[in-house]
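Chain IDs A, B and C follow the sequence of writing; residue 1 opens each chain.
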Amino acid sequence: MSGQNIFERLQNIDRRVFYWVLFITLMVPFIYPIGLPVKVVKNTRDLYEGITGDNINPGDIALMNFGYGVSAWSECAPGFTVSAKALFREGARIVFIGAHYDVELSFNKLKNDAAADFAGKVDGVDYVFLGYFAGGESAIAQLATDAWTVYPEDHYGTPVADIPLMQDFHGWQDIAVVLSSDTGDVGSYFLRQWQGAHGTKLAEIGIAMNGSTDYPYYLAGNFFGLSIGSRGGAELEVLIGEPGEATTAMDSINASHLLIVVAVILANVGYLLSRRQA
Amino acid sequence: MSQLLKREVVFALTGVVTVLMFVEYFFFPSDWIVASTVRNWAVIIYNISLGLGGVRLIMQHVWGTQRRKENWQFSALFLVAFVVMLFGGLAGYLGTGVATSNGVYNWLFNNVYTPLGSTTYAITGFYIFSAAYRAFRARNLDAALMLIAGCFVILSNAPVGEVIWSGIPAIGEWFRFTGQVPGMRVFGVVGALGTIAYGFRALLGKERGFYAGGAEE
Amino acid sequence: MAIIVTGRLMTFILLILTFALMYYYMYLGKKGTVFKVRTLPAIQAIPEAVGRAAEMGQPVLWTPGIAGGLNDSTQGPQTLAAISILEYVTEECVRAGVKIAAICPLPDALPLVEEAMRTAYMSQGKPEEFDIEAVRFLSGQSAYMTGTLGYIQRERPASTILVGGFYYEAVIIAEAGNTIGAMQIGGTNNTHQMPFLVATCDYMLLAEELYAAGAAISQNPDMLGSIKGEDMIKLLIIALTGVGFLLGAVRINFLADLLRM
């Protein structure tokens, strides 16, 4: 670094400096919240309206997929929780499945965060937790045609033949809406094997990284709604009127987005000015 | 592995399964028992492959430990952790029919594995940050335009963008609709065509990767 | 009673047309027609990457990403395409006397990876040099990512080949390779990871280029013919899109209704 002028130093700031700056930038808003308002965008509003009001009837069965693990709780769990609450308040019944082996932890967190809504519900009647499935897209395709072969018992070992809710769920034709929240491709499995093949209503509660990939599917009508990352979760919390984890995290997100833009501008200022100097 | 197993058997199996899936999709409005059975087999085979991976891991780390290779201590630690988690899960399952009911298993999963997973996911943010800082340079006009568009899209994704200037969300949305979404659609279409073409070549026995060296030349 | 399920007729016709066109051009290729396919810089860079590793006395790392489970219809082919590239890279490495490490996080692809490498060693007449321990299995995304990071930081490969279906581990592994100054060749069809690989890799195979890599490597005339057939279908899609757009602008939905049949 010696012999470098200010412009070259701006281009070559040690990444460890940035890691510390980013860490502090992310932490400070948790201690000193700012609370900027969150504007709800159309794709999130469509998702919320698609699972509330006239779009869902009491007794309808919704399939909710925990396509995320514990590591993605901050991005997916808030939106998923709001969706589950909204469906329960409409009187829908919910079948929970998961593609990650830590799905039980995610389900326990959901039950904790939506404790008031779960309190009035009976396991096996109003909801059922089928648990982890292995088999990827083949399993999702088979779930659409014969769900009982994919899940002969629920996560707790109860045979599906003994579960009242499962008497009404054998395949795609019994499901009113599918909500998939994932960090990877499980949503696209549902897109191909449920929505594309059978026209099932499908929405995605995805991570921000997948937002640009999912957006064309929302515009094309394959997803009736789309929640993107923590911001989508915060928007859903605004819509249901119950601020939660995602709303709390928005300040950190604001700070980190701003920081990345500042860092890129600094690097380019250094780059352009050193080129001019040369 | 003989060429017969690598090529002809794979070729025949692939062809039969492909035809079954095609026939079911196009000619049966609901599921077809034959295709449904084959899908069940696919799920079972995938689950068996998880066991195969486990066996491979054990072999790898037993070799490492036996031969005292570099960092063999970590291989030994892995074997201990593997045995503890395996028998903890089995003990839970044999006891109550629920694999995650064992205390030791749960403690290790909730307090060791899960936080480690969350930490590695969190590292992504830092690496994206350093990659963006290093790579987003306005080296030419194209790069400069992309940089400007990227900044607007980043700021429009966070509420702070609107606070800085009310026009940022609108401009970010414009970049998204005119640049990002069409670009993603293009990649989606060409990627799908590429997948179909790859599948077709694989069906005809041409692709090396599919036949692991047994492809037709 | 319809023979083809309602709503799938046009899909069926277009699929048959796709296969017919590809087969036709493959047939022409076999008969001797020469199809010019543009060069893929990433594939051309593989000998350079291996040469760099030979000069530096460091290994080459190949890894296919964790997304590409073989039971996934869009991710599986990426892993298989990556294995085609692995075979070619291994042949180059054997010729140059360079060590290659394959870190595979997919249990179902593991036998294919081992077999591809073994075949490559055999094709170069050095089957005894194949070491099964060059193929490492790391299960689970976190373990795979951190294990690969550790390998990169300890062994300092001169070149890394990151091709296949990736999730968020792409940016971390690629950035780690960048940190040690490795020459990086990336390739994926996952649109959410393309930007990260483009930003961190020296050469890149985007979307269908990954699938065309096998044809580009072998220069097999009928495989090149299939790429020509694929391009013809692309032209058809562009034409349909353009005509559909124009008809839609004047509120004629004939084409849209036809495609929905």
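The definition used in the following text is that contacts are C-beta pairs under 8 Å (C-beta built on N, C-alpha and C of every residue); 3 or more make two chains touch, one makes a residue touch a chain.
This structure is a prediction, so every number in the text was calculated from the model and none was measured.
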(request) Assign the assembly's chain-to-chain touch graph to one of these shapes: line, ring, star, complete, other. (result) complete
(request) Could you work out which chain's C-alpha centre is the most distant one from the centre of subunit B? (result) A
(request) When you average C-alpha coordinates per chain, which one falls nearest the overall C-alpha average? Tell me, please. (result) B
(message) So using the touch definition from the top, which pair is joined by more C-beta contacts, A-B or B-C?
(response) B-C
(message) Could you work out how far the Cα centre of subunit A sits from that of subunit C, in whole Å?
(response) 28
(request) Averaged over CA atoms, how far is the centre of subunit B from the centre of subunit C? Could you give it in whole Å? (result) 14
(request) Enumerate the residues of subunit B that touch no fewer than two other chains. (result) 25, 42-43, 46, 50, 117, 120-121, 130, 132, 134, 136, 184, 188
(message) At least two partner chains per residue is the criterion; list those residues in subunit A.
(response) 71, 135-136, 138, 212-213
(message) Residues touching two or more other chains, restricted to subunit C: which are they?
(response) 69, 71, 73-74, 142, 168, 191
(request) Going by the contact rule at the top, pick out the subunit B residues touching subunit A in the complex. (result) 25, 30-31, 36, 39-40, 42-43, 46-47, 50, 96-98, 100, 109-110, 113-114, 117-118, 120-122, 125-126, 129-130, 132-134, 136-138, 147, 150-151, 154-155, 157-163, 169, 176, 180-181, 184-185, 188
(request) Give every residue of subunit B touching subunit C within the complex, in rising order. (result) 1, 6, 25-29, 42-43, 46, 49-50, 52-54, 56-57, 60, 63, 116-117, 120-121, 123-124, 127-128, 130-132, 134-136, 184, 187-202, 204, 206-210, 212-214, 217
(message) For a test of understanding, state which residues of subunit C touch subunit A in their complex under the given definition.
(response) 67, 69, 71-75, 142, 167-168, 190-192
(message) Can you tell me which positions in subunit C touch subunit B when the two form their complex?
(response) 3-6, 8, 11-12, 15, 18-19, 22-23, 26, 69, 71, 73-74, 77, 79-87, 107-108, 110-112, 115-116, 118-120, 123, 133, 136-137, 139, 141-142, 145-146, 168, 171-172, 174-175, 178, 189, 191, 194, 196, 199-200, 206-212, 214-215, 218, 220, 222-223, 226-227, 229-230, 233-234, 237
(request) Write out the stretch or stretches of subunit A touching subunit B in their complex. (result) 11, 13, 15, 18-19, 22-23, 26, 36-39, 69-73, 102, 104-105, 134-136, 138-139, 141-142, 145-146, 149-150, 155-157, 171, 197, 208, 212-213, 215-216, 219, 231, 250, 253-261, 263-265, 267-268, 271-272
